[in-house]
Each structure stands twice: as C-alpha cells, then as structure tokens.
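One structure is given below, represented as structure tokens, and several questions about it will come after.
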C-alpha cells in the first residue's frame, strides 16, 4: 500500500531551447512542466509511493497538458482545480562550462497565484495522507497564495500529518524582509525544514546577517542548529553545492536532528539539467523518512537522488529506485547495464 | 529608394506544436513571432520596400528574440522600445481537414499593451514615411493602446501620410459595442480600410444588424459602400473566404474606391499555415497601392500574396515578389522551377 | 461522477518513421503506444468519463512507458499487471495518395498474450463499472487470451454490466474458421456488437459466404439484421469506409437496434493517421450510449469522433468533446478558432 | 541471377529545408543524394536487379557519403572514381498548392563534370551488362562530359548492350542549339529514347519549332513518330503531366515502338516529392523491358512506378515491387495494409 | 585488392531515446542496427578491407533496413539469408556521469537464432576469405546457433583461414556453466582469442574461480597465459577499462602471443556511445593483424580504434583510417582540422 | 550612439551534422552562416555597437539567407552586393574527446572571391566609421580579393579610421610564401594586429623560421615584439590555446602595445563549438579598445568573450554583455541565474 504525500504549489510550463542554444537562437522550445512541489510529488511517485499534487491550472489545453505531464509520471491530480487566466511560464536557457543557465520567469497572473483558499477542501485532500510538503516559493507568489499555504499547513498539522518546507528563497518574487517574516510564521508548522544552501537563494530566517552569502560549513552547521532550536524541527537539512562550472557540480547534504549531524557522501556530477536538483534532494529525503529510513540513510538517499536528477532532462526525477540504490552502493562508475 | 511603411502594434511569441499535433501531445513548440501589423511590415520588406514596425517588447532575451525575428526578415526595428513585463504569447494548434486550428491567447500584461504614448516620438518615427498602417487589434489591447493608436493615426494624418486600418475584430479582446465606438472614431483617420469578412471577426461599424454573420456578396458590397460613404475612405477592401476545410480554402478580395468595385481572382489554396493570411492580403494591397498600381492590380496583388501566404509556415509572408508575379500571371500549377 | 468503462486487451509499442518516410529510409521512429481496447479506454477518458484498461505489460521500462502513455491521457491503469517477456510491437509506415500505409506486427510472445486468467480479479476490476468492452483481436492473440476474454465477458455479464465487442478480424492472427468459432461463442455475451466493414478484416460470423468482400449497403444491412437476430444484440453497428486514397476516405456508420437502422452523416476526411479510426468510432459510440444518447445521436457522435481521429497523430482520440460537438453541429469548415 | 544495368552521370548532394519551409526560413537542411542516372540505378536495384552507377566524386567525406547513400539502396558503386574538387549540390525548396518547388543548382566545378574519359574502363564496366542508360543532363555538364557520354554509348553499342537515353533538357546547363546538336549525335547510339514532356524541359531534337512548348497530344504523337523514324529507336517514350498544383499532378505515359502507341493509365497523385518522378518512370520502364515485359506492360509499370515515386521523400524510388504491382492491379485506394 | 573478413552473428534493431532521455521520457527512438560481429565487419570495411557479414534477417522491411544499414557502410551482405519471424531488438538508454546506460534486450525468437546450419553454404561463403570472426554471443543465442557457430569455425579451420573469437559473455543469454562448456569447445578452433575484461561479462573458460570479478592486472596476465597454453592461440587479447563515470572511461589493451605481452597506450575517452567499444577494438586488432602489423602495432591500432569508437554515435566504427593514425601518432588534442 | 565597425570578408554557408555525428552518418545538416570578419561584425553588434559587414553574395535565396542571418543578429548589411555564382560553403563535423572536428571547404568560385574592387564604394561605406577590420583569409581567397582588401585598408587609413587585421593563416588557401609577401604589405596599414597562435595556422610575417610551430611563450613574446617594431602596430595580440581534447581547451591572450605585455586570465573551457573562437577574441578586443578600455581590460574582455564563444553553437558570439562581464568578475562557476 503506497504512502500518500500531498504537495501544494504552482506548476509552470517550461520552455527551453534544445541543447545549449541561446534564447536568441531558438527556433523551437522543448516543452516540460514543473515547479518545486510538483517535482517533489513526481519524485515520490517515481519511487513507488503516492504523490498527490494540489494546485490550480487554467481550464484550457495548456492547463490540461500540465496535468497530463503529472499523470504520465503517476502523480495524482484529482485535487487540481481548473480556472483562472493562465499557466505560469518559465524560460530556461541551458548553460555549459563557463556559461551559466538563465531563467526568465513569466509567471505573473497565473491561475494558482490567484486561487482562493476556499477552492481547496483540505479535509478531503489530506485524508489518509502521511506527509504534506510545500516550499517557500508558494507563499511568495501572492498574498492569496501565502494565506493558502498557511491554511494547508495548519490543516495538515491539525491532522497530525508530518509536514515539510523547502525554504527555496526566490529573490525575484519577494524581498528578504517579507520572506523572513512570512516564512518565520510558516516554519512553526513544519516538522522538517529543507533548505538549499546556495548563494542568495538560501533563506535562513534566523541568521539575518549571513543571509545571502554562502556560509562556511561551520557557519552552516551553526545556522541549522539555531533554526532547529527556534522552530523545533524534527529534522533540518541543507544541500551543499560547489559549482565547478555550469557542467559540473559537487553536491552533498547535511542533515541535523537536533542532536547530531550527518554529512552525506559528496558526488561530483556532470550536469544535463540543473533545474529540480534541490527538489530531487527533497523528494529523496522525504521518501527516505516516509519509508522509515534513519537520518543517515535518508540523507544519503536524498543526496544520491539529487545527484542522479542532474543527469536527467526536465524538472522531474526519473532515475529508478534501482538506479538510486546502485549509486548508494557506491557504484558511480556508470558501467553499461546489459 | 525603398518606400517607408510604418506599422504599429503588438508582436507576440507564437508557440505551436509541430505538424498537426494537438496541444496535449506536444513535447516541443515551434517558435515564431508575429502579430497583425508586424506581419504587414514584414510583407512590405519581403517585396523590397522598407517596413518599420513600432512596438514595445520586454528588455529580456525573449523580447530580443522577437526583434531578431523582425530584423532577420528586414524589418526596421529602431523604434521598438524596451521595457515592461512580458512579451504576449499565443499558442497555435494547427488543424487539418474537419479539425479546426485552435488559438489560445496569453497576452494580458504584455509590454506593448501597457506602453504609454509618450514612449514614442511619432514626429521622428514618421519622418519620410509614405504609409502608416495599424489594425483593430491594437486599440483593443488596452485603453492605453487605444490612446496610442489614435495618437499615431493623428500624427500620420497631420503629416499627410497615407493611412490604413485593418479592422480585424477580435471578440476575445473587446465587446462589439466598445469596438464599434472606438473604431468609428479611428476610421476617421484612415484613407484605406481593410477588413476580413469572416464570421464574427468582421467589424463593419456601420452595419450593426449584419455584424457577425457572413454577409451575402451583395450585402457585403452594400456594407462597403455605406462604410465608404460614412468615412470617405479612398479605398475599402474586404477578403472573401470559403472554408472547405481546415486544409483548403477559397479566397478572393473585393476592393471599392467609392465608384467601382473590383472583385479579384479566386484562389483555391491548400493550407500550410492559416495565420497571417489576412495580413498577407493587407501587406500585398498596401505594397500595390504604395508602388502605384491601380485598384485592380493592387487587389489582385494582395489576393495572390494572401494565397501564397497560406502555403508558408509562420505568420510572415515569405513568398518572393517573383512568386507573387508568377501566380498573378495565372500560373497556379506549382510546376517545379529548375 | 464519471462513468466507468473497463476495456481488456493488448497494448503495443508503435514505431513509425516520421512523416511519409518508408521503413528503409527511417533514421528514427516516432514512439506511440496503442491497441484497439486501449484506444477505446483513452477515448472514454478524453470525453470525461473513466476509462479503465486491463492488460499485462513486461516489468521493464518499456512496459512502464506504455503505462505512462495511458496515464498521461487519463486512463486508469491500476489493473494492469506486470511480468512476462516483452511488449508487443507494431511498425507503421504511413502512406499517402496512391501508396498505402503498411503495418508489420511483431507481437508474438507478448506479456499479455501469455497472461493467465487468474492474474486478473474481475470481481474487483469490474466493481462499479458501467460498461465492459473488448475486441476480436484479444481472443485471437492466443488460446490463453481467448480464455481470458471469455472469463471477462462472463464476469461482466454476471454483474449486469453492458458489454460490447468490436469484431476487428485480423487475418494475420487467426484463420476465419477459428475466428468464426470463437467469436460466435463470445458474441453471446455481448450487448453491443461493433464491426468495421472493411475488406477482409470484417468478420460477420453468420455470413460465411460474403465474408471478406465489402458487402453492398443492402447486404450489409441484411448481415447486421441476421447477426442481431442470432445473438440478440441490443445494438449492432458497422462503419462504412470508402478509400479514395491513403490520404482521403469517406466514412459513415450504420447502427441497428433490432428494429430500425440509422445511417449517419458521411464525412470526407483528410488523413493524418488512419490507425485507430475504428476505435475512435467505438469509443464515441460507447460514450454516446453510456451517457444516454439515443441510437441516432450515439451513431452520429461515434462517426464524428471517428472522423476527427483521422486528423490526429497516434492511436488515441484526442479531439476534445467541444471539437466533436462542433463537427456534429455541421461545422466541418475547419475555421480557425481564435 | 539479377540483370545488370549500368548508368552514367553525376550524383549531387541535395539540400532541402524540412517540410514546406522556404530557403530563408531554414535552420537545417535534409540531406539526400541524387541525380537522374543515379536515381535510375537505384530504381533498378529497388526492383531486385543489379544497378551499377558510374561517376566520379571527390575523395572526401561528402563524396563518400554520396557513395554510401547509393550502397545503402543496393547500387553497385565499384566503378565510381574518386578525385576532383567537389560534389555538385542542388538546393530544393518544396512547394505546395499554388507555390512551386524551387531548385538552385550549385554544380559548377563538380568532380564528375571535370572527369576524363580515360578514368573509366568501359570494357570492364560494361562486362556482362544487359543495359546502359544515361540522360541528356550528362553531356550538358561540360565538353569533357559530352565526350565521356559518347564514349560510353559507343562502347555499349559495340558490345551489343541495349542503350537508353532520357533527353532531360536542362536550360540552365546549355542552349537549345547546342543541346540539339549534341543530342542528335548521341541519339544515334540509343535503342530506347525516354523523354519527359514537360514545358521547356523537353527536347525533341527533330522538332525545332515546337521545342519548349507543351505539345498537344497529337503533336506529341507526331513528334515521337518523327524521332523514331529519324533515329530508328526500338522504343520511344514520353510522360504526360498535368500540374493541378504543386501538391497534385496527373501523370501518364506514351510509348511507341515504331508501329503502335500505348497510352498508359493516368494517375492522379498527391505529391510528397516531385524530384525524380521522371527517373522513376525511366527506371520502371527499363525494368519492364529488361525483364521481358511487352510494350504495354512496361509502359504501365513505368507509369505506376513514377506515380509511387511522387509519394516518397528523396530522389530515389523506394516503393517495393509489391507496391507497384498492387497499384498496377488497380488498387489506388491506399487502404491500410495490416 | 582488399582482404576478406567473414563474420557470423546476429544483427539487431537498436532503439535509443535521443540524447540522455530516459526510456520513460522518449517520444522517439533513434534507429540503428548492430551486433558484435556486424560491428566488426563494418569496422573492417571502414578501414578499406572487405567485411562480409553472415546472418539471417526476416523477409520484411525491417530486415531489409538492417541489410541497408550494413550496405551503407560497405559491408558485403550477399550471404545474409531472409526468413523467420523477426529481427531481434535491443533498447538502449544512454547514461551520463553517475547514471549508467541501460540495455533492454528483446531478441528472443529472432530469425538468426532460429536459423539452421544448412541455410549457409560455408564453402562458398569462405571462398577466398582471409579471416573468420565470431563471438561468444552467437552460440549463446540458441542451440541451433551454437551448432551453426561450430560448423562455421570448423569450415574456416578446414580452409586454413585465420579464425578469431571475441568471448563476450552475456549473462542474460546463458549460464556460466553452459558458456564455459560450449566456449571451451569452440576455442579449439580459434587462432586469435579476443576478450573484454569487464566485470562479469568476461569469460575466461580456464579460470573458473576468478570469473566474474575484474582481475588484477597480474591475474589477467596469468589468465591470458593459461588460456593461451590450454588452447594454443596465436594471440590472445584483453581490453582493460576503468569506468570513471558513464561519460568517461580509460581504456587500454593487453595482447599476448605466447611469449610476450604488449600493454597498449591508455586513452581517457569522453563517451558519446559506449556500445560497440569492444567490437571497435576487435575490428581494429583484426585489421592490424590482417594487414601485417606486428603484435605491438596491432594492439595499438585496436586500442586507438576502440577509443575513437566511443566518440561516435551508433554501434559501428566510423572513424576514418586517417583519424586512427593521427591518434596513434599521439595527437589526442582534438585540434580542429581545417 | 553606437560606434561603427566595418568588416570586410567572405560569409559562407556552414553545414554541420547534428551533435557529434560523422559526415557519413548525417541525414540532415544544421545550417549556419559565418566567416571570420562576419563573425567579428556580429560580435560588435552583440555588445551593442554597430557592426557593418561588407561582402558579396549571390542573388539567390541562399545569398539572401546569409544576409538574413546577419540581419537577425543586428549586422548592417546595406553594403553587401549581390551577384556572382555561388555562396561559399564549409562543412563542419564536430569532434569530441580524442576525435578532432573536421572542416571541408567548398568555397572556390564564391561570389565574394570573384568580386571587383569597384563594386564597393569605400568612401560611402566607411563614412562615420570608427574601426575597420579584416583578416588574412580575405586576401587569400583570390588575387582580386587581395586587391580589394588593400583598397579597403588604404581607404580606411586615409580616413584616419583605426584598422585591424587578424592574420588567420589558412594553408589550404595559399602558400606561406605568398601569404608572407601579401600580408607584409597589408600589415603596413594596420593599427592593430590580431593573431591566433595555433600550430601552422599562425602567420608571423617576420619570423620565417618559427612559422608553423607553436612557439614557446618567450618566443611568442619575442615575435610579437619584432612584428610591432617592424610594422609599428599600436597593439599586437595573440591568443594561446592548449588543446586538452576536442572537448576541452585552455585559452588566454597576450597583448603588447610596444612597451608592455598583458597576459590575460586563462580559461579552461568545455567546447560546444570551436569555430569562431578566435573571432570571438577579435570581436571582444575590438569592442574593448573601441569603447575606451585600457590594454589590460580590452585583453581580458576579448579573452572572456572568446571563452564564452566556445560554449555557443554556430560561428557567432551570442553571449550577452552581462555574461561577459560576469565572467570577467571571476564567476566561471556557471551557477543557475534565476
């Protein structure tokens, strides 16, 4: 019997020039659909559990295509409502070597950002759920979305469901001040806090001073400790990423349970698609904790899952459970499987 | 010395599934850029004159790509301003046989629709211009855009430049009532009125009753006469289209100069891309009148140009002058040219 | 509350050279998944009801991809079992004009053909179902599959669920003699019999003499009458197809309820993809009858749905309900919808 | 034991924008290789006999790719020499409906056009051959090529091999005067003369007056009679083509044996690729005569083969013998073969 | 005068998602054809000698396409028989970085595996041949195929033709026990034994204990010595591969002549296509020995050829002789050649 | 007010197999247009200044497509004349790892190489220009082109415009002797000399002995000193490239002003497209000097621009000014920009 993980957020149409073409060279765009929480729901399904994604999409064929993309990869879409004006879009130009990937957001006015809380019946949505997950992107979309996020967290909390938040600070969506204020409130509902320690995208609400700079490893540990102390998280996690180039990163994760830290294996990964790497970690970590792994194993699973995500085109994690397990066993040699 | 034709309007990113795929099947979108007035400017350049397109696009790579598309086909883009939030988008699903093409607009909040009149110096823009053209789509985009359209027409009129409007009623943008009111005012600045007589998209401001229905040929003539009488157009044109299927239409045009009608040759065309067919006619007609053709020759040129546009992928007319001329000579046999 | 339609059969990997390329020219194959009953389940979902497809696929990534294709288009795949050796394949070369499309089957040894009846719990599968559908292809796959088909029909019948069979004779799978024998037995369980009157693929079990020849319209009526009399079908339907070329067919349908015939509108269709045309009719007819249409309306819906299927790439029907309805209203003009 | 047919001529790299894109829109070119005599050799192989193509290509990878293309489709390339400067190129833009296909030749300086007669040992090349074929394009390429053509024909004649010439007048390569002079000399070596009666491309050396105009059917018969009388051809053939549009032609053929005419079945064909249609006829006619068909059957075979060629992408005929035979039996319905 | 190398084995249709897409993401498959012995025959042709591939393919267009692929790259296909049920298929998902490539075989029931020995006239096939090559995959396909393999080796031996076997153990095809038994018998006919020392795919029949583990370099030498002693091979070779990741391997080769070892240069290669790397070595080694190179030069040629194969899409080696030679001269800098 | 940079040279059609396919595998070619001086003009436009490219292209659609490609990226094409026989072509096969990229030139007889000096009115062309640039490729094309190059340089010099030459020795176009003689004359007109120190492609006219060998760093400095002394260049630059493989190079640049050297930062770059790397440096250096940077900054800008060019498909530099600046600030980490 698969376990239910409910996630809440926006799903966007992703448009990217094929290969390493620049936007100005593109004569076609590869079409994908993704968003932080949708990516996590898809990862959960990918490993055999039941991911349920809650959102709102427009009642046109583009909204339907987003739903179809989720369904294709097993995500339960029954609680996605239809209506509003448009599906948010993001344009992605894939960088390589010394050239960084570029993202252009075109998400204002999206159906989800304009959705009302009363469009979602969380009592029904969360029925039988084992986990609820969202990210700091969702409340950043609009004031309505912030209200919705809090309502969902509150409902999950009330039902005794484990909750997690990936802080995911997006500076184009809101100021640090507003983010700190809102996220500090939301963090109170979270059992598990998942952050991506990456330049200014990181949002440690308790460390105003260091925010925006890649903290040293020790500073990071200290920040995690402080956050855990302040919010009482069961677990708090952070990924560490060293960008050697747009084509090669080293990634690992740090997980803290209020008592001890586990610093995972570090993987050097060649990058096919950088987007969704953090969600790959979140999905893997949640899967691990959901299925009863201990802190160490869950952190390792999440990190291996994140590493593999970087080798896969699109926002979603499609590396099979068997592939994650092989990597966990130390086989990063990429030998032909035949 | 090429003649200058200035056009004003919105240019959108066009996203279409390859071939005859439905939106829900698309894994990639073909990328084009177009819009009624941009298409006319491109047609003018295609025949060797100077098309100048005036608009506003966002200051990002998507806006730049729209400009690059125009430049590629020779359009003068020096008066396109940069700024605002986004480039409008339209999604196009290409139909065939008994299945119609579908358009989904996602153009709200586009940079051009939000542009202020004072962002454009029409004195400079229209310097040395021989023709100014816009369409009923432009004032429909927003109140700001309606003000801008009137300012442009007024400036052109003041400089003694020939002006034209393609009525192009879009029911998704405004009501018939508002359209009739605004367009009646704008028509007073127009020397040439170009309409597409096609179901409810047609907008004859003087014929409230018949609006929305494909009028009979005689009713059409009568409507053109009334409009000419009311607004004093030098020429008023209308295209006639019989849709046999999404793959085959018959098209012709009717041109009236206040005295006599010319009904052009009718072409049965196999359709590669239906979008921009009307702009193909407008571009051809303007080219004809601009270069001194008489009413009959200009109508025939416009109709042949429109017929050829239907065989070409994208919004723009790329059929060479030599190809239009060959069709005008009666050679619709499509014999291999080698 | 959507109505449940359960279908049983094989789903295959479909490999087709892009465009009109011959097999010997292909450097890539377009990938689709389909099969008569899967196509019907997808059509049911496409119109908003719940299609449940029952089958067996291998426990590898190719089997998973088939399931994902079904899920993408809304088909409930929870009763598809995993195991066996391989997914059946068919190669499709798309013809045009005087050149016919070619199909090469490579389906021997497929997981579904080797599946045992006890791998499926029809009591559970059919719980709450409104309709059960299969085709003459399923029992033709293997003796095991014939046993399975009969078991499913018997179970549906026992539960009072409406049942339908599309005769779909495939000469490459079994002899006429065996087909006649087996199908005569299975027809006894069917409420609705759906046949495709097309050269030798037709299988009227009661008309041994005429089998294999396109019967005259009157002979067809007579054959339908005899079959209805023999098996007591509530409805028996047949499609009529005139092949003008590989690119253009005229299609209509004949429906008989034991009392009267309804001969539907005939559509001349330009063909993008001929495969699944009959299933498009079956899916449309079942949808019509399922949702309470009368004989005439259901036959018309099925025929319009079939016509639209021919314009769509792949095995599945993706024309929206709104598109079918527009065609039913007589709008075959394919006018651009914007 | 397959029969040997030797053909002599140039093979070019063919570059065409995908689909119906105009040259100015192309971001990629489809790559094919072809030329009148190469196409005939490929057709011979396609029907199961042994086509041997004699030519010269540059000693680089582009020349090798041309050879590989021939080999792929079974053509014997052992007598193709390597050297010289370049492979000739032709650019092809595929037209549709009222828009004609366009060809741009870039063949000057090609290795074959600069080849010396002594680079080919016709004694060895023609050993065991049953047929030798070339076209009016070969001697038109250069004076050297004209000398080479005559040497080849002379050698074939000396060995008692049946010879054929397809007149194929190309106005961009030489004047009518020069063509008439050279071809009149070469025709003396030909047993079978094959012409394409198509506007100015036709070259009836004996009818100076009518040259360049599509003769009436009676005038065509008269011209064939005169040519036969003058040169003593065993057979002289001509194709008749009515171009309804770039997408649809009607084609038939006329064959004369000095005594009687056979006018073949006329096929209306939807066009995927117009190029090589005449070579498709030539290949089919030669195959027919080579394998012992009578005049009528050979003409019918050639015409059906030509019709099918129009439905196939690229210069070569890939319709299988079984497909030609099905069409000859009158089945132009394009019914799905499964 | 090119030297003849005859190889015997299965050729399969290879289907791979484009780029690094996972199977579940694929909407198209790239089409290639390959198999260990076909790859060797193609390599021989690639370097200018005559590769003759002996096999059986089905008498349909897919079988023909496999033959065409071979012919395209110069392989002599005259001894490939037609018939049987199907062409074997393998699906290839290309990995990168920490994600391994995956192969799914679907080769049961293939025409070649079901072929009888008497379908091949080895007396004729081997006439004038200088070398005969096969691999351990061929006898593993079926008992019939094992009989056929032995018959071919025996015939070659009887004619005094040099023979080689690439052990190529495939655990999905047979057990180690059966493989050891059969291969021990077949090795008695081999002059040259070529193995790929790679985890469990290696099959050193004489070293039961170590089989399946990557032996140490010294253990490998010892194993080669023992095998040479037992079977009296003229040469025995092994490749050494260090998999840094799915994208980067280091490869070298070890060749032993019963007296001395030569350990080749090691190349670090970026991988475009891992499949066929071992066959690239085998093809290069055979070419070297065939054309009279000494042990060292042949081993170096094979290793450089194998390195280059990894940079080429598809199963076959297409790196030109000049490219292998440049690499042999130590130029691995990849400088632009213009 | 953008500054005008005029460049003179040939633009070619570039045809390259997609991805890493070999020429013999290509079924399509990616289409680009480029040439050393066109690439520089495009780079200038890319950074916001006005690049004007002077050349001659044939009066057909291929010539027009070359112009459209230039226009797309902002290059002023008003002084490109039309006529002559053909557009030069180069075929590019992209290498990777140990396999080098290959170029096949097919540029003989190109319109530009045959152009007369009097087809260009340099008085008008150079009006208001700030910089004139050409390369050693241009005079190498033909004697006519050498005369044209000298005339252009002389005219620029006479107008007091800063001039630059990129020596760019191409051994396939002329001998070292002729190159040395002609370039020595042309260097007298140059203010800035830009060379690419790469094996035999480098041409230091003053160092006959060392020409063709990659000089040591000190020898390079000495050579630059000598050249500066002989010709009195204001600046002389050289790029240094270490080819680790076809996929990875390290590049830096050395700039000398007659007094001091600046050796730039060295970048290790992963290569998407090696062609145009040197032009990327030239364009960046010219941009730097043109906009008033000092020697150091200009050299650094040019080197960073060159590094980024290697990550971009096609001949042209499309990395935005902001991307170059980010790299100059030391951010080579390729972090996702969102």
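Note that the chains take the letters A, B, C, D, E and F in the order they are written out, and that residue 1 is the start of every chain.
Here is the rule we use: contacts are C-beta pairs under 8 Å (C-beta built on N, C-alpha and C of every residue); 3 or more make two chains touch, one makes a residue touch a chain.
On a predicted model such as this, the values are computed, not experimentally measured, just so you know.
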Legend entry - Neighbouring chains common to chain C and chain D, by label: B, E
Legend entry - chain C to chain E, fewest steps along touching chains: 1
Legend entry - Distance-maximising chain from chain A - centres being C-alpha averages: D
Legend entry - Separation of mean Cα positions, chain C and chain A [Å, integer]: 41
Legend entry - Chain centre separation in whole Å, for chain D relative to chain B (CA means): 45
Legend entry - Whole-Å separation of chain centres (CA-atom averages), chain C against chain F: 62
Inset, instruction - At least two other chains touched by the same residue of chain F: list those residues. - result: 22, 24, 27, 61, 68, 73, 102
Inset, instruction - Write out all the pairs of touching chains, ordered by chain label. - result: A-B, A-C, A-E, A-F, B-C, B-D, B-F, C-D, C-E, D-E, D-F, E-F
Legend entry - List of chain F residues in touch with chain D within their complex: 15, 18, 22-24, 26-31, 60-62, 64-65, 68, 85-86, 89, 91, 93, 102, 104, 106, 108-109
Inset, instruction - Using the touch rule from the top, collect the residues of chain A that touch chain F in their complex. - result: 19-22, 24-25, 95-103, 105, 170, 172, 198-199, 201, 243-247, 274-275
Inset, instruction - Spell out the part of chain D that touches chain E in their complex, as residue ranges. - result: 61, 68-69, 71-74, 320
Inset, instruction - Please name which positions on chain B make contact with chain D in the complex. - result: 73, 267, 269-272, 307-308, 310-314, 318-319, 323, 326-327, 331-338
